[in-house]
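Each structure below is given as structure tokens.
Each of the next two complexes has chain A plus one more chain, namely chain B in the first and chain C in the second.
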Partner chain A sequence: MSATTSETNYHAGPDAVSAKTSRYRRVSKGRGNFELWSWVFMRGSGVLLLVLVFGHLFVNLMLGEGIHGVDFAFVAGKWASPFWQTWDLLMLWLAEVHGFNGVRTIINDYTEKDSTRWVLKGLLVASAVLVLVLGTLVIFTFDPCVDPSSTLSVCTGR
Partner chain B sequence: MTATVEAKTEGTEGKVGAVPTFTVTLRIARYDPEVDSEQHWESYQVTAHATDRVLDALHQIKWEQDGSLSFRRSCAHGVCGSDAMRINGKNRLACKTLIKDVNPDKPITVEPIKGLPVEKDLIVDMEPFFDAYREVMPFLITTGNEPTRERIQSQQDRDRFDDTTKCILCAACTTSCPVFWNDGQYFGPAAIVNAHRFIFDSRDEGGSQRLEVLNDKEGVWRCRTTFNCTDACPRGIQVTQAIQEVKRALLTSRF
Partner chain C sequence: MAQAANGTLYRGREGMWTWVAHRISGVLIFLFLFAHVLDTALVRVSPDAYNEVMSAYKNPVVGLAEAGLVAAVIFHALNGLRIIAVDFWAKGPRYQRQMFWAVAIGFVVLFAPFAIRHLTVVFTH
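After this line comes the complex of A and B, so read on.
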């Protein structure tokens, strides 16, 4: 039996005849609890996010003036309280890491070559780090008086 | 029963109780590594009875039309698990699938199971599948002296893993799994089912070792619960449930 291979097959059609030399060969990837913890994290963060996200939506869109009340002053008012700072920080981190992990899983499931896998994961890590760092920075260094002509009471008072 | 009723109502050919016959087209994915560079489809017309299985049609083609058609089959009665193939896009055993049940009005497509290297026509290399199977150590592991009698087990203990003892290693589940299709590194439902069979056996003492094996990067955590495996199993094993039970056992062993 000749082992002529063809890369232009459909599905996992005939390419390599011998499984010993092809991509079908099983290679041990090592153990560890990483995938277990990632699985647990997805469930835990998912439940927490349900509360955080719907709580966030309810407070912003339903209470008080509803959606018409959301402006710079509204956000400034919320972030003056450590409670909302913590809430938003938690929501940011959980959502970003939850989404990051989900996309990582999708990349693992759909990419066939290790090289594609690494490129996509590189982009993913870069974007996640960017969002996390930027988001965290904004929550902690937020200054309601960035605009010198601000008319907010906190700014005019000093 | 159905055949008898149909023959009576139609009443056109043969005596009452005769099994009706019909012509059916089979589209078979052919690949001969010595000639072809790629898989291609070929159609065959077969006269079949309502009681015929897809395997009977394949036999008719091989014996009467084209002797070069290759496929595996051994017992031909749904026990050995040799003739798993993709019939009308679904993994089934050719010997357990009646032609009349897969819409013979349209051509019936027959392909090799997906995700394993095709050797010829409907024959795939099962080695990667068995490699994963071997890795979960599908044999009784015990410590201490061998008892002089059989190892006693209560009916309740036996029922705990009864479902997963039914596996015939046909690979219909593993090759229906989209995660397995991708790169073939995932252990696959069949290996997990066979690990489950020993993990939940009260007589076995290798449970924690097997759980460790399945805690692998390519282990149970890659299951996306798409239930393809449960649908594909010709033995009706609740495959996805078995995988979830292994996940739960791993979690409870940690917390």
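After this line comes the complex of A and C, so read on.
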């Protein structure tokens, strides 16, 4: 309870010991396990992205007429189904956060001046927020009949 | 394993080049994704605006760039699996060179059929 300040508290974990007795100062920046979680996330999201992105490319470029089949009506057909909406939403968030985290590492590796680093990271954060907000809104607010004179079957039946 | 005649074991070997290529492909896909979400957002503007940009995707020069993008995605994904295997599989580090060849073979097996199909669609339409 009332340990005197000169004693080392061996119950407080290795840092409490080393901070007092070690000549080396390994001061934690208080970021906890952030880098460990980010490392785990890169691997977990990578495996999921493999399925999501390969599936996306296969359906959009290989099936049907390939790239020539991709137009507004094609998108309307896919986003009529909650399955593809969910697919795209997951792919959007995982790819953007995975790519964001990867580029963050790269900026840390190559920038020497703090000012350059903060400018690049500012641009990175701004672009990621734009992509996530816009991409999410587009999936949720998609309207196959934006054009009042649309000839798509979902619209002519109204 | 531990013989290095000229400096490190790592530099200039498969491990280093795949690391560089993994970085470059990752950044490339990330930049594409930015443009891609902006162009997809045109579906909220009007069907014509969206179809207009999609017609650019059907141009043969852009078609070749798409094949390049898909090559980057296939490489990054397979090499990503190799990185994960080296990290999590006990024997991963020992087999990392063999896995490099597995990535190379997997790349050809996936990319060759894709390129044939995609470039046929792009050039014969």
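To be clear about the criterion, the second predicted complex is superposed on the first by the 127 of 158 C-alpha atoms of A that agree within 3 Å, B and C clash if a C-alpha of one lies under 4 Å from a C-alpha of the other, contacts with A are read in each partner's own complex, and residues count from 1 in each chain.
One rule holds in what follows: a residue touches a chain if its C-beta (ideal position, glycine included) is under 8 Å from a C-beta of that chain, and two chains touch if they have at least 3 such contacts.
What you see is a predicted model, and the numbers here were worked out from it, not measured in a lab.
Peer 1: If you stack the two complexes on chain A, which partner ends up touching A:101: first (chain B), second (chain C), both, or neither?
Peer 2: A:101: touches no partner chain.
Peer 1: In the superposed arrangement, does A:150 touch chain B (first), chain C (second), both or neither?
Peer 2: After superposition on chain A, A:150 lies in contact with chain C alone.
Peer 1: Regarding the shared-chain residue A:66, is it in contact with chain B (first), chain C (second), both, or neither?
Peer 2: Touch partner of A:66: chain C, not chain B.
Peer 1: A:85 contacts which: chain B (first), chain C (second), both, neither?
Peer 2: After superposing on A, A:85 lies clear of both chain B and chain C.
Peer 1: Just to be sure I follow: which residues of chain A are touched by chain B in one complex and then by chain C in the other one?
Peer 2: The overlap between the chain B and chain C interfaces on chain A is empty, containing no residue.
Peer 1: Please output the residues of chain A touching chain B within their complex, sorted ascending.
Peer 2: Going by the criterion above, the answer is residues 1-4, 6, 8-20, 22-36, 38-40, 108-112.
Peer 1: Can you list the chain C residues touching chain A in their complex?
Peer 2: It comes out as residues 23, 26-27, 29-30, 33-34, 37-38, 40-41, 43-48, 50-51, 54, 57-58, 63, 66, 70, 73, 77, 80-81, 83-84, 87-88, 114, 117-118, 121-122, 125.
Peer 1: Could you pull out which chain B residues touch chain A in their complex?
Peer 2: Residues in contact with chain A: 29, 31, 33-34, 36-39, 114-119, 125, 127-128, 131-132, 135, 178-179, 181-185, 212, 215-219, 221-222, 224, 247, 250-251, 254.
Peer 1: Using the touch definition up top, name the residues of chain A that touch chain C in the complex.
Peer 2: So the residues of chain A touching chain C come out as 43, 46-47, 49-50, 53-54, 57, 61-62, 65-68, 70-73, 75, 92, 95-96, 99-100, 102-103, 106, 127, 131, 134-135, 137-138, 141-143, 146-147, 150.
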